[in-house]
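Chain IDs A, B and C follow the sequence of writing; residue 1 opens each chain.
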């Protein structure tokens, strides 16, 4: 009744290949964009920005990246934390080496550097498959974190071994450093999220997306119909790492401001992003956002209820968080392997028919 | 029937061209097991060529050699008049050889349309930057290839399931989608591995009609493996018979049918 | 003999001992993987959980005391009794068996015939759950575990090897706990091999490992075998938990031994018990020697990644591991 596609015909193949072929969805999408860019920045405060919005946006980029590799191309990676660290240290080195260049380019540059590193660690994927590869990507995780911890060049020989983001501006507005306005941080991240989601959508609907999905669903058949497996896998690693690098760069420069590598980019981060795409939905762009939102909001909510309302100690809330996340992962894998995105699709199907279900 | 290097005319009057692919003395071993023993045969342009034989005769291995999945220890593969070097399967596909599989090998997580579109991948050349922007060339290429794919979808009568996920389809339709994917590549040589296995009579009739139509309308050369003798004898122009990795017969269906070795292989022979 | 060489020998010996412990954890993985195709990431957390349970039972801790206190405003912690180590170990084994049963009922019964990678991710979820659950049950503070195993360097070995080197060499330093662990590991492996070769259950287990369908068709109950296997894995986890817990205290980092066992498995092959043992020894010796020889030049702490990079490079050349079965791809 409220959501329907009747009378909505695609008359060209272009129209059929667009992102939101149904009018209602298209308008919904424009409305969300308008609110995100035009309304939220005027109301956002520090608490909402730091506790919810900025982490959500940054994790959404990371989840998009991992979803391209895992959800679309079927290569499970547990090295996300390590690749985010590459993005963070790359942006730090770029920011401090070329202070006159705009930080937006630094962030993109960090993405490119991470893409290169990702391709390097993706090379074994030609020989190693499935969870062997997942375990192999742990090599990237541990090696990269160790590297940034032990080689002083990466942290500019600072005494603490930390990296700290210097103040940088975009169009005269401060976006990094301690004096940043919440709205500026938010908008800066939002622009990258928009860009990445747009790129991800374009890549996954065309021939690259099909190559990746073919490799995911049946790699031998994919090769026999003419997909060059190495190129397909490495391109997935490159694109995925680019996104994860951008998110790592933003995570450090805009969100945290100062970073100690083992704390910020440990293996827990790899799992967190993996959980986001499992809960959100493997092989779905919407799912990447849904999963990121869910796993960012859930702990905040849990903490507010258990600690804020019931007055429990925080460590209890943390234990519950672990249990809930773990239980959710298992539940989703058993009941709905395509995650929140599939639930959303089912809801839409129901809505289309509502109020006459037959 | 008279065979010359230029070709021959079939019983129903179709003109068959010169040699498209030639297998010369192929031998394939897995460890100690010899799957194919010194087999030679050719496939001519425009013909429907069948490979038959009892279970374990090495038919599928032969098809896998043609599609580059197995590499024979001895022998040469000639394609388009030149010797083919050892190739990876994807390079073989790029040369214009497409195939279907005995156990359906569709991409279960994708829709029918996307599955058939994967057949066009060897023809799509825009690079990643163009794809990422989805402007101009990338979109144009997508639309052009979509048009070709839609023609094949029409041809195989699977319009109604265009957007259905492949995993929801029944077996017979999956087989048809797989054929669509192979056809979408517009192959010079189409390999069909038991296209009618596990089908009922009506489905077999449909599939036979499609195979004949493909050969007729697109002029595609087809090599197929099939167990159903009736179907093979009706469809194919020439037949290779294999048994225990050896070639025991080669010729038109009639010739093969009257070949004593073939009869022995199929009906058994008294040892006294 | 030059001192440097002696130190290298000492490092090698210690590496072998550490390797035995890695093998012990890896063994738990291999058992479950062979029988059910599940690559159990939660093995490390199981070791942690079993060690926590052991300490909790020995000290007479009240389970979920933090939660109870938070909800009811009470202040309870201990029952006030102490349980002897051997009884506590038996009770913990019972808990781990119950855990094995629950895991099969709740999770893996519903994931039969799923792809290995899905099962793997499910065990990551299980690991998270169990970690939170263990902390909730027993508290997340660092506990010391003492079941009466000897600890500290062996003076006897030190005294009797000191003559090998020069002035600055005081003999090999070898931890007694490591030696005990080695003995226990050897016994455990022998028992497991004997179990799988000479008992009815063992034969059923090998049958299931070989072919689920065929085993099912001759009347072997899959769920029984899986519970059995998870129980055994729980028991192996308990042994590993006791060793590591005694060595470095029962704390979160204990669960990370699972991460150490992964490269061991990649080297040894996921389906091979000898592979797990040899892989463990290679990783143990390799990482200790690498740290000793190369570590000082590049900043140290190479143990964090050495095993992984070694396994990664190795796998590129031999994807099935040292002892794994060759992977044949078919269309």
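In this section, a residue touches a chain if its C-beta (ideal position, glycine included) is under 8 Å from a C-beta of that chain, and two chains touch if they have at least 3 such contacts.
Bear in mind the structure is a predicted one, so any value in this text is a computation, not a measurement.
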Taking each chain's C-alpha mean as its centre, the one farthest from subunit C: B
Per-chain CA centroid nearest to the all-protein CA mean: A
Rounded Å distance, subunit A centre to subunit B centre (Cα mean): 42
Chain centre separation (subunit B, subunit C; CA means) in Å: 51
Rounded Å distance between subunit A and subunit C, as computed from the means of their C-alpha atoms: 33
Numbers and ranges of subunit B residues touching at least 2 other chains: 69, 101, 105
Touching two or more other chains - residues of subunit C: 331
Contacts with 2+ other chains: residues of subunit A: 220-221, 224
Subunit B to subunit A touching residues, read off their complex: 67-69, 88-90, 92-94, 98-99, 101, 105-110, 114, 117-122, 124, 126, 128, 131-134, 138-139, 141-143, 146-147, 150, 181-182, 185
In the complex with subunit C, residue positions of subunit A that touch it: 76, 123-124, 127-132, 134-136, 138-139, 142-143, 145-146, 149-151, 220-221, 224, 267, 271, 274-275, 278, 310-313, 315-316, 318-330, 333-334, 337
Complex interface listing, subunit A residues touching subunit B: 12-14, 16-17, 199, 202-203, 205-208, 210-211, 213-214, 216-218, 220-229, 235, 239, 283
Contact footprint of subunit A on subunit C as seen in their complex: 39, 66-67, 70, 106-107, 110-111, 114-118, 120-122, 124-133, 135-136, 140, 259, 262-263, 265-266, 298-302, 304-305, 308-309, 311-312, 315-316, 319, 329-331
